[in-house]
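Let me give you the structure first, and then I'll get to my questions.
Letters A, B, C and D mark the chains in the order given here, with residues in each chain numbered from 1 onward.
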Amino acid sequence: MEDTLEFKAQARALAEAGRLCAMRGWIPTSVGHFSARLNEQQIVITAPGLDKGRLDDSGFMVVDLDGHVLSGDQEPAAETFLHIVMYRRNPGIGAVLQSHSAQATALSRAFPQGLVLEHYEALKQLPSAGPGPTATAVPVFQNTTDMPRLASQVDDCMARHPELAGYLIAGHGLYTWGTSVEAAMRHAETFEFLFQCEVLSRTLDR
Amino acid sequence: MEDTLEFKAQARALAEAGRLCAMRGWIPTSVGHFSARLNEQQIVITAPGLDKGRLDDSGFMVVDLDGHVLSGDQEPAAETFLHIVMYRRNPGIGAVLQSHSAQATALSRAFPQGLVLEHYEALKQLPSAGPGPTATAVPVFQNTTDMPRLASQVDDCMARHPELAGYLIAGHGLYTWGTSVEAAMRHAETFEFLFQCEVLSRTLDR
Amino acid sequence: MEDTLEFKAQARALAEAGRLCAMRGWIPTSVGHFSARLNEQQIVITAPGLDKGRLDDSGFMVVDLDGHVLSGDQEPAAETFLHIVMYRRNPGIGAVLQSHSAQATALSRAFPQGLVLEHYEALKQLPSAGPGPTATAVPVFQNTTDMPRLASQVDDCMARHPELAGYLIAGHGLYTWGTSVEAAMRHAETFEFLFQCEVLSRTLDR
Amino acid sequence: MEDTLEFKAQARALAEAGRLCAMRGWIPTSVGHFSARLNEQQIVITAPGLDKGRLDDSGFMVVDLDGHVLSGDQEPAAETFLHIVMYRRNPGIGAVLQSHSAQATALSRAFPQGLVLEHYEALKQLPSAGPGPTATAVPVFQNTTDMPRLASQVDDCMARHPELAGYLIAGHGLYTWGTSVEAAMRHAETFEFLFQCEVLSRTLDR
């Protein structure tokens, strides 16, 4: 399965996304997981415990949308549930990325009720925003080791708010997605920029 | 038109400016536009939706100072009006750049009435400052999707204050300009440095 | 002794750790010391006064766990005691690193009674944390020029709290360790990320 | 004169210092000047208006300690006085550097009466500090366009406090020096690190 062109192309795009995120300080050590869709039923996802800045083809596994491992001999990370739930909900989603910067982490702890990003031109880079500078809600979920339960909370939230472009887990960073790895990276980059702006805005507003 | 030496030279200078701005975190994803003058009536400007860190010759279009597209088959970005208005007002302007850092964005939101930068040696790098460390005003305009109206507000402001070296749009970053792409980049770099200083000064002064 | 494969391998790993730390701004000029175990009785440690970003094989000396110099003609740095005490206490420790970032330094001064890091997913990257997002204590010791006394305080603290993954010295940065240079670097990276989060969290919480 | 080995070696060392400072954001655009001693009576100093990140041999001029230009056809920058005054006072000084980071600039404005850096291990990297973590005073001078007068104030201050390792000019950045370009860079790096710590400490202490 790791021989298919599709696998190789997606693994390469995810490895490049990991390299960029690591270089920018958005993924400390080996936290976080990146995934991309292979077809209707299968995704490629990072194997557990790897440094995201140095991924190669051997750093990925294939799982189906029921969570069965189709390649490799490792157990997938518990966070795999958080990826699968997105691909099942929306067939248009081609990639799910996690970014875990200090600013995403600090904001997720300071605003346990969720964050609203508004009056930023850069919101136009997110799928949920209209032509003008409007607002984007970013829900914050409590962190837990019960990943199936957390995945179900995310699924419920997405059912009610299909327009969401990303969410935070408290102390755990950002999940965002897109039609492709490139689109998801653009959303990660936009969110991280807006998180920087939020931290500075709250410092200046005091 | 894209074959002229003038076009190639200006496109190359703008691509290099974009690469530097992206590397320094002043242009998240594909926001912002860069332009340079080709002659009395024509400018080259970035096409919409491109990552400013990876521009090449195909990432630009030529428009005249009435807003007509002279090359390429794309619609120019609405922000093109904000560029044209500067070239029409001042024949000495050779380039207009937008930089969109987190500090520029946060300050533009915190000071909707405008910002005054004073008592900085680096102000000498801006055209409006005299030989000593004086002050530079940075107007802040409200953001809007009505670009022709915003362009007209900018034009009025420049008519009253021709000495201005740049302005902010709330939540949208800095516009600055110069006799060449290099000169405009020097102004962008100076403003971004002063914005960093302002954020730190306001943190220390509390 | 500098000819053994073991020496060369450990010196190379420490030089690479130094290069990464210097690049990230975690080791200003020539402060700090890095070490790795050669065998039950001997370690390799950086010679005094060197820039950690440009280490090569000649930048290291071999000392035994009684503090005797086994190679080179330099006196070891006084901080060598702080390294030896860890290797003597725990035969599983393969490397001890010091990182000295601005955030580690500022936190070590602001919290002389010690720091508790809690509710961070990244805590899972540290050996003392369990499967869920729990808490990690980071003791802060007073700085002093009496290194043998400080080493003895650290030793007493480790006897009472063998689960510790690192400690701070006030105004002096972080000491952390691991089974190998790579493992110790992962802990340094995790701590530095968490220190960034703590500084931002305390800024946002005010 | 630009043909001597001494000139070439010092120009190369200053160009490398400039490249490092620019890369770290300590020298925005073309502000600041770097110099190094050629002999008892002559120094090499950066020509006015150049980007410090891209210096080559043509970016320097030779002046004597009375301020006479010995090479090149440019007028030296007014700040040349601030360099000469140090070389005249202390024959052991081999280089004078200016670094102009946002944190140096913000601190110089927030503490017009001067700054005291204390309880930092990194102070040991500065010549004035003893074996233990003691304190270093950093005077802050008012900025002015009257450089001869400012140079005379600096000279008076150095006469009273020969142990000083650097000083700030309000809104204008840090002057520091050393026996060589490398030594002066180590002091600049130490001060910039300590300024970062000071900004963070004051943020945390509130």
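Assume a residue touches a chain if its C-beta (ideal position, glycine included) is under 8 Å from a C-beta of that chain, and two chains touch if they have at least 3 such contacts.
All values derive from a computational prediction rather than experimental measurement.
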Task: Please report how far chain A has to rotate so that its Cα atoms sit on those of chain D, a copy of the same sequence, as a value between 0 and 180° in steps of 5.
output: 180
- prompt: Taking each chain's centre as the mean of its Cα atoms, which chain lies farthest from chain A?
  reply: D
- line: Per the C-alpha centroid definition, the whole-Å distance linking chain B and chain C comes out as 46
- line: For the pair chain A and chain B, the C-alpha centroid-to-centroid distance in angstrom is 32
Junction residues of chain D - those touching two or more other chains: 203, 206
- prompt: What pattern do the touching chains form: line, ring, star, complete or other?
  reply: ring
- prompt: Every touching chain pair, please?
  reply: A-B, A-C, B-D, C-D
Statement: Contacts from chain D onto chain B in the complex sit at residues 25, 28-31, 100, 102-103, 105-107, 109-110, 143-145, 169-173, 199, 202-203, 206
- request: Over in the complex, which chain D residues touch chain C? Could you list them?
  value: 119-122, 124-125, 131-133, 186, 189-190, 192-193, 196-197, 200-201, 203-206
